[in-house]
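Note that the chains are named A, B, C, D, E and F in the order they appear, and that numbering of residues resets to 1 at the start of each chain.
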Amino acid sequence: MFTHMSRLQFEAKPEKPDAHYARKLQELIGGAWGEMTVTMQYLFQGWNCRMEGKYKDLIMDVATEEIGHVEMLATMVARLLEGAPAETTADMVDKDPVVAAVIGGMDPQQAIVSGGGPTLADSNGVPWNGRYIVASGNLMADFRVNVAAEAQGRLQTARLYNMTDDPGVKDMLKFNLARDTVHQKQWLAAIEELKADGLEEEIAPSALFDEEDQTHNKTIWHLSDGKHGAEGRWASGPAPDAIHEFSYVQNPKPLGSKASAPKPDPLLYATTPENLGLIEKAIKKLT
Amino acid sequence: MFTHMSRLQFEAKPEKPDAHYARKLQELIGGAWGEMTVTMQYLFQGWNCRMEGKYKDLIMDVATEEIGHVEMLATMVARLLEGAPAETTADMVDKDPVVAAVIGGMDPQQAIVSGGGPTLADSNGVPWNGRYIVASGNLMADFRVNVAAEAQGRLQTARLYNMTDDPGVKDMLKFNLARDTVHQKQWLAAIEELKADGLEEEIAPSALFDEEDQTHNKTIWHLSDGKHGAEGRWASGPAPDAIHEFSYVQNPKPLGSKASAPKPDPLLYATTPENLGLIEKAIKKLT
Amino acid sequence: MFTHMSRLQFEAKPEKPDAHYARKLQELIGGAWGEMTVTMQYLFQGWNCRMEGKYKDLIMDVATEEIGHVEMLATMVARLLEGAPAETTADMVDKDPVVAAVIGGMDPQQAIVSGGGPTLADSNGVPWNGRYIVASGNLMADFRVNVAAEAQGRLQTARLYNMTDDPGVKDMLKFNLARDTVHQKQWLAAIEELKADGLEEEIAPSALFDEEDQTHNKTIWHLSDGKHGAEGRWASGPAPDAIHEFSYVQNPKPLGSKASAPKPDPLLYATTPENLGLIEKAIKKLT
Amino acid sequence: MFTHMSRLQFEAKPEKPDAHYARKLQELIGGAWGEMTVTMQYLFQGWNCRMEGKYKDLIMDVATEEIGHVEMLATMVARLLEGAPAETTADMVDKDPVVAAVIGGMDPQQAIVSGGGPTLADSNGVPWNGRYIVASGNLMADFRVNVAAEAQGRLQTARLYNMTDDPGVKDMLKFNLARDTVHQKQWLAAIEELKADGLEEEIAPSALFDEEDQTHNKTIWHLSDGKHGAEGRWASGPAPDAIHEFSYVQNPKPLGSKASAPKPDPLLYATTPENLGLIEKAIKKLT
Amino acid sequence: MFTHMSRLQFEAKPEKPDAHYARKLQELIGGAWGEMTVTMQYLFQGWNCRMEGKYKDLIMDVATEEIGHVEMLATMVARLLEGAPAETTADMVDKDPVVAAVIGGMDPQQAIVSGGGPTLADSNGVPWNGRYIVASGNLMADFRVNVAAEAQGRLQTARLYNMTDDPGVKDMLKFNLARDTVHQKQWLAAIEELKADGLEEEIAPSALFDEEDQTHNKTIWHLSDGKHGAEGRWASGPAPDAIHEFSYVQNPKPLGSKASAPKPDPLLYATTPENLGLIEKAIKKLT
Amino acid sequence: MFTHMSRLQFEAKPEKPDAHYARKLQELIGGAWGEMTVTMQYLFQGWNCRMEGKYKDLIMDVATEEIGHVEMLATMVARLLEGAPAETTADMVDKDPVVAAVIGGMDPQQAIVSGGGPTLADSNGVPWNGRYIVASGNLMADFRVNVAAEAQGRLQTARLYNMTDDPGVKDMLKFNLARDTVHQKQWLAAIEELKADGLEEEIAPSALFDEEDQTHNKTIWHLSDGKHGAEGRWASGPAPDAIHEFSYVQNPKPLGSKASAPKPDPLLYATTPENLGLIEKAIKKLT
């Protein structure tokens, strides 16, 4: 069960409204790597966690914090939209190119649908959806996604940080950058902890290593004509699992036979050699 | 530019058809973490790569391989659907519960839409979409996603491996498992290489560390009531960047003021205290 | 079966083209609360109606009208796009900021995809989809949605009304506002009629009142720290069903036990305490 | 800012697992009218609320409760999936029709993607998305949607209640039914309060009544051939706004002129009468 | 403007209910090539048509018919669902495998969401969306899509025809097959008419033939290793425009230079050679 | 299996960057009729092809070429975005309307998400999805779609050609136009070849002609009030199958009986006449 306090985790006050920027900030609310994604991803990981204790407690701590980040951004967007033009005419646009540009660059749904507030969508207005999250039950596989999400999130926040010089917005984004930094670190630390605890290994899932094809679990195939693919540490020397040696296959050949689909049921009406002649006869019969 | 050879990278021949399993395999074709995702993710990362040389060449090698994996799976699905019932009736269903179950568990679009072949959708029939991929231009942030994608992909492949005992399907999945293993290793190695080359650091992006809030980039906030969140290595001691010390805030308080949205433009018709009385008057005037 | 006459239900002639506004009007065509939604919602409610007579006949009357509203808006959008720039160059944009702004603010798909006509999408270009509608078979539950749809539709139309001063557009929107008004009234009246006819009650569905938890069907839980939640008529006194008394629970406690997920099948590879040590052993065996 | 306690708002323990039912319950998690929808809808309404005080506090109380409902359902789904078959083969399916049916009827992603847990999707596996919610800033328009959401939600819960006889599941659904009941009542009461406070009127938004077309804001048009549409209270007598009299137009005629789209820019290559002959000439020139 | 009569265009009465089949028929309602697609595609083509006269009138005739097809299918689905189990329990499923299979194979939303009626979705429950349609203003390009839509529609109808032996369903599908046949013929005839009228040519749009690259508008590139690609009439001899000669390029070489992306703005934090060393220095400064 | 060479199929170098145009070009990458669609459509058609030989080889040749077109466009977009403003402020927008317009008209995700590169989305930022493609197994039905796709693709390319005067962009588009031309011709030729080979007939699928309704497979129904629908060659004379004669039904009447849905299971809580009185009694019992 959750409770809410009406103060924000961190201040979210722009010095001045900025309708263009309000649209861009939508990316951090409802983008594939926005706060809505980490909120729901961590909540579902926590609820799907099969081990009581420190991992689950950490996940729920962070998940609960992230709902508060959606709240900060939603509040910021509403404030950035203060005074955005709601009554405009073709004439005004013709006369004042700056007004024209502002209106052209706004997210129309922030006005028409939300009445000057945020939507649950990204900076192109595409709605957030539940396929952006994952909660597989395997903590190693999921923490890999969590590191990635915090890295992409910090990257987008950093880009947005440079797209404004409003001190209030920058203050909030400094906080967000800091949280993305510590959350990246924390998931990296949690990955180390999983290994130190003997719960998972470097490669996820820690299973079926015996069964997987032992010839092809250490080779990189040279399938594009770049000449430098073999120069990295992925192409020779020990792999990160400290078990295998990488190798780079310079002239790979296909191992399978020709791709082909079997004859389908005739009632599915695929075009097949069996059709030959049959159709002509059928047509003749009709005419 | 690409070229194609008609032999498969690895064999994709089931011993027997299995229409139920053909539906499940769709997850590896068009699921959020399926082969279509890694194909398009790596292609767009390669095209968006801002450094010529070993990283770009590696990305393009692997991207090109992944198109071939979609091909293997598409071929396998068509073969698993061989002989799947295309002509069935309510009577047959009533009489034979196994037929009933098979039909009930099939993906209806594999028959009705694709005529006994795969769709570009997941195991619930939801179409693959372009928001599943990311290519940010920042190699550290993107390789984090790549590790995650290969981990989730290997996890799903491992689960699917246990859901069949067809030796032909298992053979192909062993190859897939191996490729997911080596690709996980390779992206982990590439992350190390980026750091060794002095191109990126542990935390992505390697930027704005000075500007981010220095108080809040090392603390975990205790916001759920689990008691064990402070026991992991993320709660104290050195962070993975070897610069900061983690700390765990046991009784965090909100730092911001009350969340509130500003007064909107009256022409957006939000409900505000200013409405008080006005509406009554307007209604009176009308009557 | 339907028939069509080529005259519009109401005139849809702008005085002048306005490409920016053509984009905004898309919200009323293909937005979540646009005319396409009410068209398909009412059609499916009519086809799914389980009572012959006045309710079904009303639904079909209004459904049929709404197709004509999509037609009016589609025609208006095409006319607003007359003369919109189809041949433009970077130079023109550099030289004339108004041209630049107009082009920047247009929906690019109205030109590239539709050749100067409407799309079946909203003002951000996101396609309309079938999940926007509901037709549950329960008339009370559905008429509640209908009132809501007409209210949101009238609200958006009112906002759009203020964003133009073209007399032709305003004329059409006056008609649309009027229809949204009467349709709101009509669904409110139909709700009253359902109750007067003894077919449904205030709360939908009129079922399982005996079975539902009798302790928790009248209480509001105080879970956010606002102090005024208990001041409304929802917090004490008779509920709208004239049966229960509302009450406001100031310090609610969770009634359930700890959230936890059971041990999963080991073949799903969730991280569990059982993994402890096993992985180390497996790795040793491999090396 | 939010905090979380690990006990559930209400117990969520099935007596026995039931993999089929776990799929159906997804509708209440990630369906268009599920708990995720009311959670995010109320949160965004609260953040977008332009009046401090009782309305905003109520909205935030209920929003915070709803996150806890998602938690209850997510927990229930994981428990219903305990022991669901993760290792199955075509042979087993052939031999045991009940196993076949269970596997056929399961949501494959609950196993393959979530490892025996819920997804953020509906009972057909379609992901939840942000267009399901609305927060317009106008409380009357939004409370109409809220009543509708609670009505549809209670209707779906009632249907699901009859699809199980597991006493643990039924206990939780009794609680859910009760909450849907009280939430319906509460939004109905809040609508009354808005009117009593003079903030809004029956018809939303309380604006532009003077400007809307005065002829067409009280008429129902007879456009389908049902004979009973004129028999309800929507067809004559006073409208719910107590201002207008309804009337029913038996033989409505279109008021507009012929629908037509203007001549487009020739560079958009629409087919127009101007093309006549031009193409033939162009082709001749080429040959 | 539209009017509706309550009789169906053709009878839609199954002899017996069949819940499995009700799910499959959804493909013809809300699938990418279902009746909803042709309805909205033709309506938008009609409204976007830039020539008054026979073409526009034909489009509107057929568009109006198609709404009636959605109606027939919606009615049929509701009737096929009559008596589908709404009260079922795990016990019943355990005891009767046929019941288990029927429930497993049903679309759960037809019961839970629609109360025994159709949804606006396809046979996998994915909602219909507005990107399935096109109305480009160019009649040749659009009639090509129309022929394709009627061909795919007839193909799916034919497949569904074999999946039932209910005489009532088959009767309706015979009518649907016939309509798909005549509509295919009609769009093919309309394409001929466009050419005969000198309005469009074989290749759409009839424009920019002079400007397009004259070397590459007649060659097929051999990029896959199949040996038979050069054997068809597309590889040599006159092209369908009667102007060009086809040719087949056996060993095509890329004509462009190396794919590469330019140096990005440093504030977008792409990984570039310029990063070399800089990061190390920055990190040192921090420690 | 595929291989890649790093040179582009054709040059993709703009003379100057143009951020607005970079957004528009997204339509050709990730739009419904863009290069991603033809790539995946042809690949899946090839893999689903049930006849070895010239048709399959042709499909795979063209599919492989199309991946290279996505590559050309992705490269072009990155180059058009060179130097696009990544550091902007509200002040700059206020002072320079051209900067304001450029920023307003850009796709924000190309900067925030992709770091100055393309996304896998259309010109409105809506992600590409797998339902845009079809691979039915029936070559006639699929080649009809292929002709349509190349026609819509050429039309959009032609429109985009007029929206730039950058010679580098125009050069690439001339190549694209040429390829769209030859691919249209080639699918038209392949349709002829299918008929010449006796594999398929004009109408797809070449099946069930005997079974379809013989009365309604040649008539056009006059359902809209346009007067010219009967003037085309689709209204009388021989149909393109050379078997039937078209006819035009001037006053069509519905052939079916009244649309109605059956009584549903009472546990689905539809509103039915049976509810009459029951609810009142239930309510009385409660009070």
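Going forward, a contact is a pair of C-beta atoms (placed from the backbone, for glycine too) under 8 Å apart; a residue touches a chain by one contact, two chains touch by 3 or more.
This is a predicted model, so every value here is computed, not measured.
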| Among the other chains, which touch chain B and chain D together? | A, C, E, F
| remark: Co-neighbours of chain A and chain E resolve to B, C, D, F
| message | Given that chain B and chain C are copies and touch, would you call their interface same or different according to whether over half of its residue numbers are shared? | response | same
| Distance from the CA centroid of chain D to that of chain E, rounded to the nearest Å? | 26
| note | Averaging C-alpha coordinates per chain, one finds the centres of chain C and chain D separated by a number of Å equal to 7
| said: Which positions in chain F are in touch with at least two other chains? | reply: 1-9, 32-33, 47-48, 52, 55, 60, 63-65, 68, 71, 75, 78, 86-87, 97-98, 100-101, 104-105, 111, 113, 115-117, 121, 124-127, 129, 131, 134, 136-138, 140, 155, 158-159, 162, 205, 207, 209, 223-224, 226, 254, 256, 259-264, 267-270
| remark: Within the complex, chain D is touched by chain B residues 16, 18, 20-21, 23-24, 27, 31-33, 97-98, 100-102, 104-106, 122-126, 155-156, 159-160, 162-166, 223-226, 254, 256, 259-264, 268-273, 275-280, 282-283, 285-287
| Mind pulling up the chain C residues that touch chain B in the complex? | 155, 158-159, 162, 267-269
| request: Write out the stretch or stretches of chain B touching chain F in their complex. | output: 1-9, 30, 36, 40, 43-44, 47-48, 60, 63-64, 67-68, 70-71, 74-75, 78, 113-121, 127-131, 133-138
| Complex contacts: residues of chain E adjacent to chain D | 1-6, 47-52, 55, 86-91, 93-94, 97-98, 100-101, 103-105, 107-109, 111-113, 115, 121, 124-127, 136-140, 194, 197-201, 205-207, 209-210, 242-243
| What part of chain D is in contact with chain C in the complex they form? | 5-13, 32-33, 46, 53-58, 60-65, 68, 71-72, 75, 78-79, 81-84, 86-87, 111, 115-117, 126, 129, 131-132, 134, 136, 138, 140-141, 144-145, 147-148, 151-152, 154-155, 158, 161, 174-175, 177-179, 181-182, 184-186, 188-190, 192-193, 196, 202-205, 207-209, 211-224, 226-234, 239-241, 244, 246, 254-265, 267-270
